[in-house]
Amino acid sequence: MTRTLAKALFILFVVIPSFLGLSYALGVSFGLIGLGNGAPSFTLSHWEVMFSEGRLMKSIGYTILLAASAIAGAALIALGLLSPLLKRMPGNTLPWFYFVPLGIPPIVAAFFTFSALANTGLLSRIAVKLGMIPDASSFPILINDELGIGVWLTHVMLAFPFFLILFLSSAKTQEVHRLRETASSLGASSAYILRKVIRPIVIRKNAPLLIIWFIFVLGTYEIPLLLGGQKIRPVALVIIDKMRGYSLATIPEGYAMSAFYAVFIMALSFLLVKLISRRYDA
Amino acid sequence: MRQLTTTFLTCCILILWGCGSSSSNEEENTLVDSGPQTWEQTLQQAKGTTVQMMMWQGDPFINAYMEDYVIPTVQNQFGVSIEISSGQGTQIVSTLMSEQQARVAESAVDLVWINGETFFQLRQIDALYGPFTDDLPNSDFINWDSPFISQDFQQPTDGYECPWGNVQYCLIYNSEHVTSPPKTLDELEDWVKQHPGKFTFSSDFTGMTLLKSMLINMAGSKTALDGPFDEAKYNELSSHLWEYLNRIKPYFWREGKTFPSSVAPMHQLFSNGELWFTMSNNDGEVENKVLQGVLPSSSRAYVLEGGTIQNSHYLGVVKKAKHKAGAQVLINFLISPEAQLRKADPAVWGDGTVLELTRLPAQYQEEIKRLNNREFAPTRASIEPFALKEPDPEYMIRLNADFRKYVIEK
Amino acid sequence: MMRKYTPWMLMLFFLAPILLITLLAFSGSWVYPSILPSFDSDRWMEFLGSSSLGIKPFLISTVLAVLVSLLSASIGFFTSYLLTGKARNWLLWLCLIPFCTAPVILAANFQYFFILLHLSASTVGVIIAQLFIGVPYTFLLFSTYWNEEQLTMDTAAKTLGATPFTRLLRVHFPAAKSLFTIAVIQLFLFSWFEYGMTQYIGVGQLKTLTVEVFKYTQEGNTTVAALASLLLILPPFIAILVIRKVRIAHA
Amino acid sequence: MLEIKNISKQFGDAFVLKGIDLCCAEGQTLSVLGASGCGKTTLLKSIAGLIPMETGSVLFNGQDLTNVEPEKRGIVYLSQEPSLFPHMSAFDNVAFGLKVRKEDASSIEKKVTEMLQSLGLWEHRTKKPNELSGGQKQRVAFGRALVITPKVVLLDEPFGSLDAGTRSEMQAFYLELAKMYKMTALFITHDLKEALVTGDQFARMEQGQLTLFSSLEAFAEDPTSGVKEEINFWNNLKNDAQ
């Protein structure tokens, strides 16, 4: 009874939405649903246009690179802070300010990065006041830059406090505590323990959540919209452009992109899930 | 596994049942108008209804105009309530399109604020109610003779949307740094080369309006792009345009490697002094933005000698709207001399009127004179001769795609 | 030396966004290169005076976020019980799917079905749409709970005669309480800040604080955007201040 | 009487249980000696209904339990880990099974109190599992299992994680409990002495097959049981010393 109910709820809230969402996107992209298609009839032309443009693949590559490097950067910072913070954290509670970043949505974070790092932003003003640079134009370009440094920084800024809390909480469990004791009784220095015992455990324990963040970063829209460059843009922006462009004709192409992209990421995430569960079993 | 399949199928059936039951409602759409009716009847019908209006709400001035003036006045005078939800062009189109696909009998939206390509798209999918503008008493004041009002992107409005405001594209410069702004494309080229990094345009609708203006400027005739989309003409003119832009791109802001995504950040860059030029689709915007403190008081607006695009924005009634009468009453109020002139005041909104001033009752003439005194923008009368018509929407669609391809991604 | 100040530097870093945004929200103009903007409170009055930003959106947001967070955490926790079964990897993968596309695109894909089921432009519709994100998220979050230890505990309770429902309620729920709290907090924030679904499924007619404020964050000017952002993040910030300390592990 | 008939279990191609038959009289303990990996955990879990089996049946006093849900079988499975509920006190842990059965509060109070007293845990009743020692935890786990008077108790190396001293203490304690509660039990262990101490009947499990012995003597005689080797070891030790 309970399991059946759980299955039903799972199907209702997880399987069906994904299934319907994807089939709708596929339907539009193949011309079977009339959005921007006129009379419904099967066609591959939207997919052909999509692949012939070549923009999508470049964009997917860029998006994955951006997300992966942002997650890696955030995880590295959080790991680096782990040891000094563990030393000054006697109990199992964290002070309130650790949770402040969790209450900042992407759009506001992007706005903050913009105000702080733009050529005429706060840092640039401080640099001018300190006489480090003569004027705004000599400040390094971090916002709307070609590579998306501003976008990257914002993602790192959003992710690393969350990772830090996760890591601290994992490092505080009894299991880690015991292993730490074992390792130190075996003669390992505390730096060594941190590197070889705590970090691997903490990363492994939180692997599923790191993956969710990775996928979440893949899909963000507001941050690159405000801070990204124009030359190469994350997939979400390219898709929305097509879906909400000036022409009805490009709508199905946008849906083709979103369906293709979703399937691509689904395959990627499946591999990732496989990967971490193997590491679990080992 | 079998259990799983059963549950899944049950859920699917439920949903299909839902589809079935809703599509059967389609025939019950009894809201189609039953022949012509008098304005009195419309007023009567509208009383007590709540009109759902969808519009762009990004500007505090516009919101205040609606919230503090329009809503209470319409409620008092006509007993019509208004609920505004935020949403523009693409969301309106996608919502109405999805509603059509789902064959709903009544739309969630009654009234929409649209223009240009949105109107074109909504007409394409037949989502607008009309023709209705002739039924509005205040439409007598509208300057229907102006092609800038009766045609929206070369497409006759045909009574399916009612003009609400009319504006002309202008460039805005900082008079502290720029003494005589470039008025032709050649002058612009020289200026940009002499002042690297101080000029750019946005990659959104406003920037495209500049590109359209440039395209017509290059054609040499104000009416060059009139009529339906002309592929050959476009190809020839646009190749000149990309050549021109790529030539001066290295001297743009950020060496032309990127463009601001909309005018909002451009205004910020401008007020911070990083840019010496910004721009607006609305010739009067500089007045209200200076008042708001967004732009510095050294900002000045002007138009190119070869002309800039003038266009109108409109109000449309949704075909499946629940409250068509209420929507029409609201529109009629919005184009009343009182509401239009108030809207034209830069301290309120600063949006150009669509009314023919000479047709207005005498009591409004004083008011009009006052509004003609602009401090930072040229008067409407002075830029009117340089107005260009919006070309066919296809021009913008192509410009937008090709600008990305031949300029940004190059 | 550096180590000693790490917590303080973190604190400064974590609070920096709020500090800068507050500063900008009070600014009249911020002329380069002055570091502090000029103060101007008129904008506050204008902005807050506009009737669209009363107590109502705040209440709508709160009710919506409470409902969504409690419902998704409960349903997600309940369904995560399926992770004790065999198809663990598949289930986890299925839960990742909603996150594979941007919420705005997801909303666009769903809109048609919501209109079809007459759930468009309704509060119930928006709640259901948000559950489509919230439930899989909780499910994934609880995947860290269902480990070997919990499974033996489940077995023990099972042979003692407890039905699955009793086990969930009496054994697992209390044991997973801290995780559940985290889920509720995160989902509350998710719902509080959610824009795409609320805007598209609600056709803009369900006016949460975020929907009301969001329109100012992308367009308009710095001061208004800063003010809007501040309004958005202040309530969660105050909530955090009230809670003060959060237990992160149970040893 | 517990009767197990022809239980088989296959994981992939490998048979883990190859047609196991056994029976155990009511109130008696059947000790099963087996090295790790012989399939004993699979056997016990199959009997408890925790994992499905391909063939075979489980009967108790003639009643077929094969298709009864594990939570309704009245067969309790106890593993090496006490797996107490971390958020409950010792008292509440013991009371768990009774509360699940919705017994009235006063009877729960009485039964649990008695149980805790007989387990010698009364003064620890309010402690949470993490405040108890290993032996105490295992006692609570026993109490939690026995208080619901199960038909059968399945013990899977219950003292495997305890130190030698506690372990023999617990073995003695087990005998007491078994007598007091007239437990019908399957006790699986890899420790020969433990098997000898706790069992009334004896069996040996090897590679998915189970050999039942008619008596202690027969068990001791069997070369695979290791009893003889053990005796020889002590004898040799004695001889060497002399």
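Chains here go by letter, A, B, C and D, matching the order in which they are written, and residues are numbered from 1 within each.
Assume a contact is a pair of C-beta atoms (placed from the backbone, for glycine too) under 8 Å apart; a residue touches a chain by one contact, two chains touch by 3 or more.
Note that the structure is a prediction, hence the values are computed from the model and not measured.
Common partners of chain A and chain C, by the touch rule above, are B. For the criterion of most C-beta pairs in contact, the winning chain pair is A-C. Spacing of chain A relative to chain D, judged by their CA centroids, is 50 angstrom.
Per-chain Cα centroids separate chain B from chain D by 79 Å. With centres taken as mean Cα positions, chain B sits 35 Å from chain A.
For chain A, the set of residues touching two or more other chains reads 7, 15, 20, 33, 120, 136, 225-226, 243.
Taken residue by residue, chain C touches two or more other chains at 32, 108, 112-113, 163, 218, 222, 250-251, whereas all remaining positions touch fewer. In chain B, 15, 91, 94, 98, 101, 268, 272-274 are the positions where the chain touches two or more neighbouring chains simultaneously.
Counting only pairs that meet the touch rule, the chains in contact are A-B, A-C, B-C, C-D.
By the touch criterion stated above, chain B contacts chain A in their complex at residues 3-4, 7-8, 10-12, 15, 89-91, 93-94, 97-98, 101, 117, 121, 124-125, 197, 203, 208, 254, 257-261, 265, 268-269, 272-274, 393-394, 396-397, 400, 404, 408-409. The residues of chain B lying in touch with chain C in their complex are 15, 18-19, 22, 52, 54, 56-60, 63-64, 67-68, 83-87, 91, 94-95, 98-99, 101-102, 104, 108-109, 262, 264, 267-268, 271-274, 289, 292-294, 296. Residues of chain C touching chain B in their complex: 28-32, 40, 43, 46-47, 50-52, 108, 111-113, 115-118, 120-121, 199-200, 203-205, 207, 211, 215-216, 218-224.
Of all residues in chain A, only 4, 7-8, 11-12, 15-16, 20, 33-36, 55, 114, 119-120, 136-137, 141, 144-146, 225-226, 229-232, 243-249 touch chain B in the complex they form. By the touch criterion given at the top, residues 1-3, 5-7, 9-10, 13-15, 17-18, 20-22, 24-25, 33, 81, 84-85, 87-88, 92-105, 107-109, 111-112, 115-116, 120, 122, 124-126, 128-129, 135-136, 161, 165, 168-170, 172-174, 177, 205-206, 208-209, 211-212, 215-216, 218-221, 225-226, 236, 239-240, 243, 258, 261-262, 265-266, 269-270, 273-274, 277 of chain A touch chain C in their complex.
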